[in-house]
Structure formats: C-alpha cells, structure tokens
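Each of the next two complexes has subunit A plus one other chain: subunit B in the first, subunit C in the second.
Presenting the complex of A and B:
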C-alpha cells in the first residue's frame, strides 16, 4: 500500500483519469503475488528496493554515452518533446493527441490481467502524460528511430511509449533504457502493428551501480505483420523484462533474440508470453543468459496456442552460460497447446564456456583471458547482430559489453 | 637408426612420458626426439594414444603428466600453458578443427599471428599489413579470400577445415608442427594441396610429426622415421618403409612386437 500512498502524495491528488483507474486496480493488488509463476523467483528485497525511491516526474539533463544522432536517424527522448514538431514536418510521424492516448490506454487496461500486468499498472499510475510519448507512423521511407528513456539518481521514474505502425509501414526502431546510479526506471511500451507492417525493434537497457528496471513490452500484431525484436539487458542490480505479444488474428511472424548479462549479485529476468490468436502464426525465439559471480538470471517463456491457432509454427530456445560456481540460472520455456495441427518446439541448455574452443584458441597463442573474451563475444554476436543499431553505436555497445 | 644427420640440437624431446586423464593412464612411457629438418610419422590403431600425445605436447589442460618430461629447444615445458607453448613455436593441427561461431577467421588468424610475432620480437601487424601477409599464405593452400570473412571453421567442409589448419601453420611459422590426422576426410586433390602446403612450409630448421592411419599421406610427404604406437607406448620405430610394411600387413602384425627399448 505504501507505493499507492507515495504516488497519491506526489501528485497531491491531481491525478489523471488513467492514473486513477490504475491506482484503483493497484488497490486490489498492491504488490504482485510472490507465489505466481511470473514473480516467484523475483528477489523480494531487490524488488522492495525498486519501490523505495521517491517518485519523480522531472527529467535530469539527458546524458548518454551514445554519440549524437547519426545522419539520417531520428532521436527522441521521452519527456523531452522539443523534437517532435521537427519530425512531424519531415516525415510521416505524428504525435498522438492526448484524447487518443487516453482512449487507447483505457482499452489496454481493460484487457490487463492484474498480476500479469502489474508492472504496467504501476507504470501508468506513476505517469501523468508528461513522460508519455505516443507516435503514429506510416509510409515506407521512415529513417531509423532511436527512443531513449532515462532515469535520474535517487528517484523512481516512469516512462511510457505507445507506437502505432500503420498499414504497410516498415521501420527500424531502437529503444534505449538508461539506468542511473541508485535509481528505478519503470518503462512500459505498447506497440500496435497493423496489417502488412514490419518492425525491427531493438531494446538495449543498461544501468549503472544499483540501478533497477521494470521494462514491460506489449505488442499486438495484426495479419501479415512482422515483428523482429533484438534485446539486451545488462548492468542492473535488478531488472525485469516482460514481453507480451499477441498475434491478434494469426498469420503473423515474430522473431525474438534476447540476452541478459548478470554479474556481482545482480538479478535480471525475462518473461515472455506469446499468444497466437489465429492460424498460421510463426515464432522463432531464442533467449540467452550469461551469469557470472553470484548473480541470478531468469527466463520464463510461454507460448499459447489455442484451438483457433492451427498451423502455428513456433520455436522457443533458451541458451545459458554459467560463468561461476556461485551464479544461478533458472529457465523455463513452456508450451500450452490446444490446437492439434501445429509445429511447436522448445528447449533449454545451460553450459559453461566451451573447453575445446578455448583450447583450440590457446594452441594458436591466444591467452586464456583473450580466448574467453572472444568466445563470449561470439556468444553475444547472434543477438547483437539482430539489434537494429548503426555502426557508430555498435562500437560503443561493444565497448560497454567488454567493460562489463 | 638415423636417416638424417643429427648435428644440431633437438627441437623436441619427449622423455619417458606417462600421462593420464581422470586417473586413467593413457600414455605409458613414450620417448621421442625430433631434430631440425626431420619428419616423423606416428601410426597406430584408434585409441592407442596418438592424439593424446599430440594434445599433451600442446598443453591440453585435461591431461596430467604423471612421469617424464617434454623438452622444447632444450627447455622443460611440462608446466607451460598451451598459449605459451604455441607462442614459442609448437603448432598442433587438429584432427577435428573446432568451429567458433561469431569469431571472424581473419581476426582469429591476425590475433594468433601477432601473439607469435610478439614472442619473436617482431612488429605486430595491423589489419592492412596482415591482409597482405595472409593473401600470400592463402596461395599455399589454394584457399579463397572469402574464407577469411567467415567465422572460424564454421560451415567449412572437412577439406576446407584442414586447409585452414595448414594456413594457420603457414602464418605461425612454428618450430615444430604436430599434425593430427590431417589427411582424414580429404579427397585425393585436397590431400595433395595439403601435403604440398606442408612441404612448402617445412624447412631444414623445422620439425614435423605426422599422425596418420594411412600410407597415402606418407606417399606425398616422406617421413624420416615411422613410429608405431600401441596401448600408450611406442612399440616400434623404423624408417619410411615401416609404414609400407604396416599398410601391407595391418596392425595385427604389430601385436607380436616387443616394445623396443
């Protein structure tokens, strides 16, 4: 209940309609059920720490090691509206009006499952419209877009992103979530892909010392849409990445390649729920975890194939590398299949660095440390290469990963 | 039994070497000396310890030396790490070269070459200079430049993998190369290319140990000595005609041998 009071105090009862709705729902379930599948492995003390920071709607000066905008790339910072007008002039990108935002969010909330969407309820309770960005995108000549969400130290910040991709639209979108020292960032993203649209979506989240993240991604795919997600989460004391994708009428394609890297005593988890609500759906998903020191990485994935989703072709793999005897990895890919004419597979592996690969490299004069780095970078490669990121950003990301 | 003049100091001396893995003895007192310019062939049934011997010389961490010494250029290397052995000039050509997805072959070759060059106090090569060097060496094994942009050995055919091994040997310019069944999985043409590559790289200052099951590689590269291994020991040593005799009579013929001391 403490968080609810904190939000009410922060906004002095000047709550928006959405905030009121969400707070009412949170009253019913003030904290996620720790016995539920989605939350049972979540570190409670770390989660309490996430909620401990004071709610803050103010944004600090935007500061990122990512270089300034590449030529031909649109950069947007949630909470900083100054660039939106410029974009509207040049490209087919429109900012959603507040009325439309409210209408859409209300529709979404009506479909929420209390425990499953707890992170979204919290996010929308914390956020007046100040830190919400809604975009409607159409056309096929859209340059790559980068959208940043950043936290501020000693604060709990919430950022919300809503994107409508209209028919036949095709975009590359990189979303970057930046943690700050001693901070909590709540990020909720709602993505709607209309017929024949396609997106290469990258989500890169990296934090600093003692930063926390609750990152929720909700995607609705209409007929013949293609959603490609490449994600990377690292350097957070505590982070949860929740992905919910619904192929609303089947006949859509989803590709997901995600990775989380944990060190020290960090805990990073990924939860995915892919819901096929029509026939001929396709999914190819791989999730990788890399856990070192005393850290804990978690993956739980579920694929729902109801009777209507005949001819679904879905694959979900979880591959994990355990780099220390004290690190922990939990993984649970699962299928829920009712339809009888489907092709679904899932699997999980947990291993350590490949000794034979290391020996091979060492017999060529490469030191054990260098060989391990090369092997890890090859492990990253499959995921990183799937993130739509331009060359100048890639060098930086490579550096950040090596530092980590 | 010497078919070459052994005036220089030996490159490699394996002295009464015994080794085990998981407390299982694999080598049981192997002795072998290689002088500059010599080519030795080691033959024997599967599981007799040939590949293990090569891995132990290269420093594989899964094996423990329980007795004996390995000396390289007069220095005991029993406790050296695999990378230190490689940098100082020991090369192991793998029977099954390892695939390393995501690591570009070009970068792998460059890092390896520079590690060796650093040991030799030679200037390390930047990408451009290395490209020049590798282009020249590719000729030796008739490999296409396109192989360099692929991941190490990933998707390579058996023959391409073996040629990539010889390319690495050419770049690293080792003092001694131990080639573990480099001929396995090669068709006749590929075998000739690989054999010709090995001959071009070897010289009067280097030593070569060929581990093989078949005479066909030895038709291309004539060894000075042939050793037959059985149950972790060298049970017979002879000159190149020993391999021909083995080919004719099979390994059963060697079962009656008494270990030569």
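Presenting the complex of A and C:
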C-alpha cells in the first residue's frame, strides 16, 4: 500500500485517467505475489529497496557512456523535451497523439494479468504522460533509431515507450536503459509489429553502483512479422527483465538472444513468455547468464503452444556460467504444449569455464587470465553481435571484458 | 493417408482390473480426527512412539493447506468423507497362506499375482496389500536365511520397533507436504524391507497394492533400509476396481541407502483411471524419496505410470554421500481426461554425486501430462553432474504436454545438462513402417515402444515384460 500512497501524494491527486485505472488495479494487488512463479526467486529486500526511492518525474541532464558518433542515427531520450516528427520521402516517424496513446494503453491494460503485468501497472501508475514516448513508424530505408531511458540518483523514475511499426516497415532500434547511482528505473515498452514488418531490437541496460531496474517489454507480432531481440543487462544491484511476446495470428518469426551478467551481490533476472496464437510460428531463443562473486542470476522462460498453433517450431536454450562458490544460478525453461504437430525443444546447462579449453590455450603460451578472457569473449560475442547499431561502435565487448 | 482417428482409437483400451471382490470387510467410521487416529493405532497395537508420531503429524496436517501449485484442477476432496481404515475380515493371526481367505487369493490370482505355494512367482517375493492391510508375504523363510527382513510395516512395528523408530520419517518428515502429513497420521499398512550389511538380496521383492473398497482411501507406507554394501531390487504394482467416485491414494515411500548400498525401486502403476468422461478414478498423491546417506550409495527409481485419474508424484533422491548416484527413469502415459504431474527431484548435497533423469511422457485424448523436476547443486556438491532428458509424445491435438524443469546451482565446479523435446507419431514414419508390411497397430506400438526403450531397459525383467504388455494393451485393441 505504501507505494500507492506515495504515488497519490506525489501527484496531489492530479492523476491522469490511465494512472487512476492502474492505481485501482494496484489496490487489489499492492505487491506482486511472492509465491507466484514469476516472483518467487525475487530478492525481497532488494525489491523493497527498489520501491523505497521517492517518485520523481524530473529528468536530470542526460549523460551517457555511449557516445553518439554516427550522423545517420536518430537519437531520442525519453523525458521532458522529447519530440520528433519526421516526414521524409521514404519514411515517416511521427509521435502518437495523446488520445491515441490513451486508447492504446487502455486496450493493453484490459488484457493485463495482474500479477504477471505488475511491473507494467506500476510503470503506468507512476507515469503521467511526461515520460511517455509513443511513435508510429512507416516506410522504408529508415535510419537506425536509438532511444534512451535514464534514471536520476536517489529517485524512482518511470519511462514508457510505445511503438507502432506499420506494414512492410523494417527498422533497427536500440533501446538503452541507464541506471544511476542509488536509483530505480521502471521501463515499460509496448511494441506492435504489423504485417510484414521487421525489427532488429536491441536492449542494453547498463547500471551503476546500487541502481535498480524493472524492465518490461510487451510485443505483439502480426502475420509475417519478424522480431529479433538482442539484450544485455549488467551492473544492476537488482534488475528484472520481463519479455512477453505474442504472435497474435501465427506465421511470425521471433529470435531472441539475451544475456545477463551479475557480480558482487547483484540479482538480475530474465522472464520470458512466448505465446503462439496461430499456426506456423517460429522461435529461436538463447539466454546466457554469468554469475560471479555472491550474485544471483535467474532465467525463467515459458513457451506456450495452444491447439491453434500447429506447425510451430520453437527452441529455447539457457546457457549459464557459474564462476564463484558463493554465486548462484536458477534456470527454468518450460514448455506448455497442446498442439500435436509441432517441433518444440529446450535445453539448459550450468557449468564453469571449460577446463580443457583453458588448458589447451595455456599449453600454447597464453596466460590463464588471457585464456579466460578469450573464452568469455566468445561466450559474449554471440549475443553482442546480435544487438543492432551498438555492435560496431560502442565496444560493448571491451566494456564487458574490462568489467570481468 | 493415415486417418488421425485411427491413432486415437488405438490408445483406447478397457480397464481389465476393474472388478470388485465381494468380501466382508471391517471398516471404521468415516472422517478424520484424533480419535480415529487413536483407533487405527489401537487396532494395529502400536507402541506409544508411533501413536505420538501420528498425532504430531495430524496436528501439522490440520495447519497445512492442500497444495494447488500443480494446477491439476480437481474437485475438492472432502477429507471427512473418507474411511481411513478398511480391512478384509479374517482370522486374527495367519500362520500360513492356507488360512488366507480364498477369495483374496483368487483376487490376486486374477490380477496375475499368485500367492499360493504351488503357483508362487519364481524368484520374486510378494507382499500383497488389500485396502488397508497386508494379507500375505511370500518367501519369508528363504529371505530370513539371508537375514533379509521383508514383511508388512505393521509386523515390523511389532517385531522390529527399534528400526522403525530410528528410520521412520527421517527421509519424508511428517511436515514435508500436505499428503505426506496426512499419510503419517493415518497410514495403515505397507511394506518394510531391511537388507543387512553385505547382503545382496537373493530375489526381487515386490509389493502389490489393491484398493477394493470404493469409499476408503489407501495410505500405505513403505520403508526400505539397505545397510552397507547391500543391494536390493524392489517392485511395486497397483490396481483398483472401477467406481464412479474418486478414491484417494496418498502413500509415502522412504528409502535409505548406506555406504556402497544400492536400491532399485520399480513401479508399474495401473490404478483405475476413470472413464472416458473422467468420472471416477484414483487420485494418486504420492511422496517417494530416497536418501543416499552412504558413500558410493545408489538409488534408482524407475516407473511406468499408466493409471490414476490424477497422478502427483515426484520420486526424489537426496544425494548426501560422496560419489552417491541417483537415477530416475519414467514413462507416463495419459489418455482421456487423465492428468499426470510427475517428475523427480535430484538434490546434490555431497561431492562428486551424479544423477540421471530420463522421462518419457505420452499424452493422448484430452489428457494433460507434465514433467516437473528439480535439479539442485548445493554449495558443497563439488564435481557433481546431472543429465536430464525429458521427451514428450503427443497423440491427437487435444492432449497437452508440459515440461517444467527447475534447475538451481550453487557450485561452479559442477555440471547440469537438461534437454527436452516434443514429437508425435508422424504420418511419414507410419507410412514407412506400413509400406514394409507392418500393420498399423503394430507400427504405432513399435514406435511407442521405441520411444520408451531407454526406460524399459532399466526395468527388472519381470516388470519390463509387464510394462511392455501394459502399454501394448493401452495401445492395441480397438482398431477394427
């Protein structure tokens, strides 16, 4: 209840319609059910720490460790003065009007399952429209887009992103969530891919000391759409990445490659739910975790194939590296299948760096540290090369290797 | 083109063990309370420690909530509407099988479990449990020569109270879960096995459980202790008559293996599954767990689950001893409206422990078949390994197959591998076999048998034959 009171006080009862709806729903379930599958492993003290910061709608000056070196990229920062209205020959990127935003969000809320979408409910309760960015994109040869969400120290910020990708549209989009020292960031993203559209979506969440993140991503894919997601979460004291993808009529392709890296006493978790709601769906998913020191990495992925989703081809792999005696890893890839003519499989492994490979490299004169780095870089590379835009310019790999 | 319906028809087979034995039984009144528990204990002439154990469990049970996490969706059980003790009336003490009511012997004969001297199964000792009591145990003298104790748990309470007091509830504590607590409070009978140090049990031991009464639950308890360097293979079978009400079966099985000991526990479960509309059938809520206490000890579970309206069962291994080994091989077949939520828990506590999980689920009709398993590497399980494989086969587009593996590791120097896949009997494969002159029915049967081969290979010979027959029965028959 505390969080609800906090929001009400912050906005002095000047709540938007959406905020009111979401707060009403939050009243029924003020906190997520700690016994539910989605929340049972969540560190409770870290989670209450997430909620402890005061609600803040103001954004600090934007600074980023990721330089803007390319001229051809559109960079947007969700916050006070974020505006875009581009109409070019081949394409257009327009901001959604407030009416349309409200209408769409209301539709989404009506489909929410309260415990499962708790992060979204919180996000929409915390956010008046100030920190919401809604885009409608169409056309071809669209330049790559970068969208930033950043937190401010000692506060709880909420950012919402809504993107409509119209028919036959093809984009590269990179979303960056930046944590600040002692901060909490709630990020909710709603993505709608119309027929024949395709997106390479990158999500890089990069925290600082004692930063927290609740990152929720909801994707609806229509016929013949292709959604490729590369994600990386690291340096957060507490982070949750929830991915919900619905292939609304089947015949769509989804590729996901995600990674989370935990150190010190951090906890980072990834939850994915892929719902096939029509035939001929395709999924290829790999999730990697690396846990060191006293940290805890969690992956839970579910694939749901109802009767209607015949000829679904889905695979899910969870690969985990456990590097310390005090760290822990939990993983749960799960399949729920009713259709019979499907190809579904999943796999999971937990181990440490391969000793034989290390030994081989050392016999070739490579030091243990270097050999470990080489192994780690190949482990990271598969995911990083899947994240659009960033891969050539940001040296994410170097950054990660320096940190590990 | 192969008609889809043909495959569905093939998996229909009437239940052959659904008859009721008309025998006079002694039943206590319905319901559960402290007095009922005292009455059961009194009927069984139990020592005080056991009555205390029961009462303590009952108090815990009263505070517990029936679990709903498996999402099995069954009608709420009225625990006050169950008879907790039901026994066929017979002379108080039976000195030989000749004194057992011939109707009971006939029942077991009909089930293919002959108990009479001349017809005894070669080299398998059988403990036959009818409703709440054990009615006969064969080959006792032969086993006694080797120091092996094989008797009903009620007898063990009287004759080997020290062993019962030492081990009962040490693997599955009364507070473990809702159904284990209920069992601890009201358990009626079951089997007790003790294999002394250095003894390899000269024959397979077997328990056969038969529910006869429609309104009583069955709550048996099995305890197997294998001392240092001993080994035993134990088989368990079960059937029940067809009633249109649901009968509760809440058993507890505890296994203890000390240094270098090995226990192989095999089950062929064929309780009545209910009819095509899902009316009737057994609720099979069982807690089975083995503790590999000693170094290099080994516990191997193999199961073929074909019956029960609902199965909720996770035979598990606690791998405490260094280099101890846990194994789980399972085939679960569900049809019509059956629901099976089964799997295992492999808890690696000691160093260099190993576990293997092979689970095969076949779902047909409107049934729901789930694998739910946990593999956990504790912080001290250095050098431990696990390998899990869970395959599902779907027959028809109404059945569901789910896989929920929970994997947890706290030890970097350990390895866990898990893989799962789903398949179906494809038309191409059937066409290929049929084009080679193999009949449709046989082709389906061959493919299912091939799918389950990894598990059948692990069953003892007597059981492998029975299991194969059982699956064949379920898969053959009604193609006209």
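The definition used in the following text is that the second predicted complex is superposed on the first by the 383 of 404 C-alpha atoms of A that agree within 3 Å, B and C clash if a C-alpha of one lies under 4 Å from a C-alpha of the other, contacts with A are read in each partner's own complex, and residues count from 1 in each chain.
Please note the rule applied: contacts are C-beta pairs under 8 Å (C-beta built on N, C-alpha and C of every residue); 3 or more make two chains touch, one makes a residue touch a chain.
Nothing here was measured: the structure is a model prediction, and the numbers come from that model.
J.: Using the superposition on subunit A, decide if subunit B and subunit C clash or fit.
T.: Superposition result for subunit B and subunit C: fit.
J.: What is the contact status of A:51 with respect to subunit B (first) and subunit C (second): first, second, both, or neither?
T.: neither
J.: On the A-aligned overlay, A:31 touches which partner chain: subunit B = first, subunit C = second, or both, or neither?
T.: Neither subunit B nor subunit C is touched by A:31.
J.: Please determine whether it is subunit B or subunit C that touches the greater number of subunit A residues.
T.: Counting contacted residues of subunit A, the larger count belongs to C.
J.: So, A:15: does it touch subunit B (first), subunit C (second), both, or neither?
T.: neither
J.: Looking at the overlay, what does A:364 touch: subunit B (first), subunit C (second), both, or neither?
T.: In the superposition, A:364 touches subunit B alone.
J.: For A:109, using the defined touch cut-off, is the partner it touches subunit B, subunit C, both, or neither? Pick first, second, both or neither.
T.: Once the two structures are laid over each other on A, A:109 reaches no partner at all.
J.: Using only C-alpha atoms, work out how near subunit B sits to subunit C after the chain A superposition, in angstrom.
T.: Once the two complexes are overlaid, subunit B and subunit C approach no closer than 12 Å between C-alpha atoms.
J.: Check subunit A for residues that touch subunit B in one structure and subunit C in the other, and list them.
T.: After superposing on chain A, no subunit A residue contacts both subunit B and subunit C.
J.: Can you check the complex and tell me which residues of subunit C touch subunit A?
T.: Residues 377, 379, 392, 394-424 of subunit C touch subunit A in their complex.
J.: Quick one: in the complex, what on subunit A touches subunit B?
T.: For subunit A paired with subunit B, touching residues are 355-357, 359-368, 370-371, 374-375, 377-382.
J.: How about subunit A: which of its residues touch subunit C in the complex?
T.: My answer: residues 307, 310, 318, 320, 322-352.
J.: Residue numbers of subunit B touching subunit A in their complex, please.
T.: Result: residues 58-62, 81-83, 85-87, 91-92, 94, 97-98, 100-103, 108, 111-112, 115-116, 119, 151, 168, 172 of subunit B touch subunit A.
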